[in-house]
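Below is one structure; the comments refer to it alone.
Chains: A, B, C and D, in written order; residue numbering restarts at 1 for each.
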Amino acid sequence: MDTGFFVTWLRDAATRIRLQRDRLTELDAAIGDADHGANLDRGFTEVCKALEDWPPTAPAQALLTAGTTLIRRVGGASGPLYGSAFRAMGKALQDPVTLPGFAAAFEAGVVAVERLGKAAPGDKTMIDALAPASRALTAAVEKGLTPYEAFHRAAVAAEEGSRATIPMRARKGRASYLGERSVGHEDPGAASSALILGALAGVAVKEATKEVD
Amino acid sequence: MKKLINTAQSVVEDALSGMAAAHPSLRVRERVVYRASGPRAGKVGLVSGGGSGHEPLHAGFVGYGMLDAACPGEVFTSPVPDQIIEATRAVDGGAGVLHIVKNYTGDVLNFELAAELCDDVQVASVLVDDDVAVEDSLYTAGRRGTGATLFVEKIAGALAEQGAPLAEVARVAADVDERSRSFGIALTSCTTPAAGKPTFELPDTQVELGIGIHGEPGRRRVPMASARELAAVAMEAVHGDLPLTGDLLVMVNGMGGTPLMELYVVFAEVEAFIRGKGARVSRSLVGNYVTSLDMQGFSVTVCRLDGELTRLWDAPVDTPGLRWGR
Amino acid sequence: MKKLINTAQSVVEDALSGMAAAHPSLRVRERVVYRASGPRAGKVGLVSGGGSGHEPLHAGFVGYGMLDAACPGEVFTSPVPDQIIEATRAVDGGAGVLHIVKNYTGDVLNFELAAELCDDVQVASVLVDDDVAVEDSLYTAGRRGTGATLFVEKIAGALAEQGAPLAEVARVAADVDERSRSFGIALTSCTTPAAGKPTFELPDTQVELGIGIHGEPGRRRVPMASARELAAVAMEAVHGDLPLTGDLLVMVNGMGGTPLMELYVVFAEVEAFIRGKGARVSRSLVGNYVTSLDMQGFSVTVCRLDGELTRLWDAPVDTPGLRWGR
Amino acid sequence: MDTGFFVTWLRDAATRIRLQRDRLTELDAAIGDADHGANLDRGFTEVCKALEDWPPTAPAQALLTAGTTLIRRVGGASGPLYGSAFRAMGKALQDPVTLPGFAAAFEAGVVAVERLGKAAPGDKTMIDALAPASRALTAAVEKGLTPYEAFHRAAVAAEEGSRATIPMRARKGRASYLGERSVGHEDPGAASSALILGALAGVAVKEATKEVD
């Protein structure tokens, strides 16, 4: 996993978010304020620009650039939360990047979100997608799986985690204002987290295929 | 959706250009709105901000006797730390800066990040959380900040103008928040420029109770009722949380799409309700002040005044959105 | 239709109760809104009025430096002569009274009847007819009075406050009207409480050009366009009738349901247009001032200022709807 | 035609207007400001009250009370216009009321509207119903018809006059602002005039029937 891998991940995440922008906004309209799609689209577009303007020379740098850009350009709840996640991950990431190293850094990112947002699993937030993904990564490392397999499992865990927010009652963020009425809707932040992890798995497929070439 | 905009992406930028062109008393620079007169040495600086779409809040309240700077974010999205840092540094007249923050996760996080990074400026912060529609418990992000923001900005602004020190301005600002409660009712959803369709669908026969100012759905829906009944619902909610006694500052606020005529109809009912409880409307405000784009509906905000707060409320203010005594 | 009202029949009465409760500076008696301070001996009295539903016009402009009394009729229906007679007699401070009348058949007839019956008071009258959407020819009732009414009320009010005699106040009022032009565009129809449904149907893809302030359909429909394009349509119409030169007083006015953010977007475009013609926005107003219930849309009103008119515009005014310098 | 006849006429006109209130409002919505139904309903309701509070002792008095009440209570364009019409009619009416006397008084009412509103036939206003009605009355007098026949013809003339406003282009009142777009709609004031004349014919039927009893 070189710098290019991380740049591709972030770019693919941006593309997926662009494509799913309206779905994210609709999820946010149901239990929030209908801006999550616009927020993340704006943010990841800026991330792509920043990665061109200041091409990173190390994986950690790519993540730090992404995190700082999200904090500086998004606003809202998701800007600081995702921004801090990428920054914490970047700070924790060792070069060269190994799967165990990635898993540990990812967990540092999740912890940063939990700390900043004071949310716990079950609160119906992005944590409910990010935490299962992190657990899946750690488990994959323990089982000695390949990066591709690990990222695939993390993506699936995030997807499942996001869907699992549907029956939850929100206790953090804007959706908590709805009380019982937040039940029955997928959390937009969890859904965007699943997209970002989907991008990760997608890039790993590309890498894996490349290695086969 | 029909909106008077150029593009959904440029709406905040374009509106700020309009504000700058319309108000020579303001200066707009890098998404921050300042008093053109600049900071005053020795005066505590007041910075507020939040998502756009609530106009005249906040940028319309920049001026003598109120804010020194406002940081408008994208529509319904809190501003980014950079804006807040810029604003904080720029308005510091040496006496420190008060951040007036509405209690939303996004606003709280971004203002916190900014405050951390402004370690060269003495920063205090007050959290506005007046909306009784939201339970203030471990199971929520706490109450939302809505109408009381205007009260806090006006009263803290008057105190700062008089030269009070930061700690005192922060204390009174928090006191105003504690004495204030709001409740809002929507007749229609708003439509954000980016989404291009109403955030929620509300049939012609129903209203949404306990809404915030971002098109978040409320706590429940009930059949549409008369102004008297709706005013009573809002006032009972407020009264249940903060008993109405003594002299009150009362705002009947439109959500952006409600004409003034209807707000006056509501105000008449609110005033009668308050009289019925043996309290008194001592100061009042009726109009579109803390809005939610084009939403139709209203909110009521009540603050229990004392002599000192009344004096500060009455003090001169000279902003695009609120002006008297000067 | 959802409106914050008790009944369609009582809406004007209820709104007036709210105004009276909200503004100690006003006194409401028998459907007339007065300054609580009463007439001032030797000062020309200013009386205006018209259908309700245009708030803050007219009642919101009663106060120091502007009107002495306003006569609100039913929604979109001009007041009856009794109201006007009462108001005229009550505000006469011995120097006579100016009637400020928007040019609609109903307003003209009712004010004329009233003036005839007030033969104990010296009454002059100014007709406001600023809307360039209407041809001023033998084949129409003449131009409608819209946004310029505010300009006339403000400037004539300042002059009266300074003690000018009736003939002079009337002359300057007429001069302001002659120097002013308006054009309005609707994105949606308004809904009157009595009718309970939109006055006209307008598809989501079209706008109505050249609308008045009573939900009258405009002259034609065109596809919805950007704020820039719509502002240009309005400004070309104004400019075609009264070339834009020199120092201008410019109001971008909301029709009642349009949020302030969008009005600022329009103002930015209007200001750029005016600059493009080599003229200058010297004074401006952006907000919901001369409204049409809950209609979404805007109007632009432009007045060619001179030094004296600028001075009168800047003079202190203290009303619920307009306030500065005091 | 005694005082009771005129009181019944005004009351029946009030009833017809009440029943047609929404239609009048819709006609006014198309080319005006959607208040003609509310205006006239309010006005004639007040007329009925006034006739109870101050019972007229002569036909002319009934018309004067109606006219004054309309001027004092309606506002808008139609208040002064209809008010002046009834007042002018009342002032011109001789006691006892004969058909020729009625026709002359009615014409005085029409002239008052024309004078006040400065409108002429063809301008797409109430005049386009009132003037033909007046002509029909005069013709009926000349032909020596009964009041019932005369009023019936006047009502028909007003109806036809009102319908004839449909293709007209408005030149007075609010509808004139629409220019060409005013074409194709019936004038609300003409329609309400037709209602008032319809009431007149209706009362005459009742009278005629009464005489038969």
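Everything that follows uses one rule, which is that contacts are C-beta pairs under 8 Å (C-beta built on N, C-alpha and C of every residue); 3 or more make two chains touch, one makes a residue touch a chain.
For reference, the UniProt names are A, D = Dihydroxyacetone kinase subunit DhaL.
This structure is a prediction, so every number in the text was calculated from the model and none was measured.
If each chain is reduced to the centroid of its CA atoms, chain B and chain D end up 54 Å from each other. One inter-chain figure worth recording: chain A and chain D are separated by 75 Å, centre to centre, where each centre is the mean of the chain's CA atoms.
As a whole-number value, the distance joining the C-alpha centres of chain B and chain C reads 29 Å. Centroids built from CA atoms put chain D at 33 Å from chain C. Viewed as a network of touching protein chains, the structure reduces to a simple linear path. By the document's touch criterion, interfaces exist between A-B, B-C, C-D.
Chain A contributes residues 25-26, 29-35, 37-39, 42, 71-81, 116-117, 169, 171-174, 176-179, 181 to its touches with chain B in the complex.
Residues of chain B that touch chain A in their complex: 8, 51, 73-82, 104-106, 109-110, 113, 133-135, 138-141, 144, 192, 194-195, 199-200, 212, 214-217, 219-220. Contacts from chain C toward chain B in the complex involve residues 1-7, 11, 14-19, 21-22, 52-53, 55-56, 60, 187-188, 204, 207, 224, 226-228, 230, 252, 256-269, 271, 281, 284-286, 288, 291, 293-294, 296-298, 318, 323-326.
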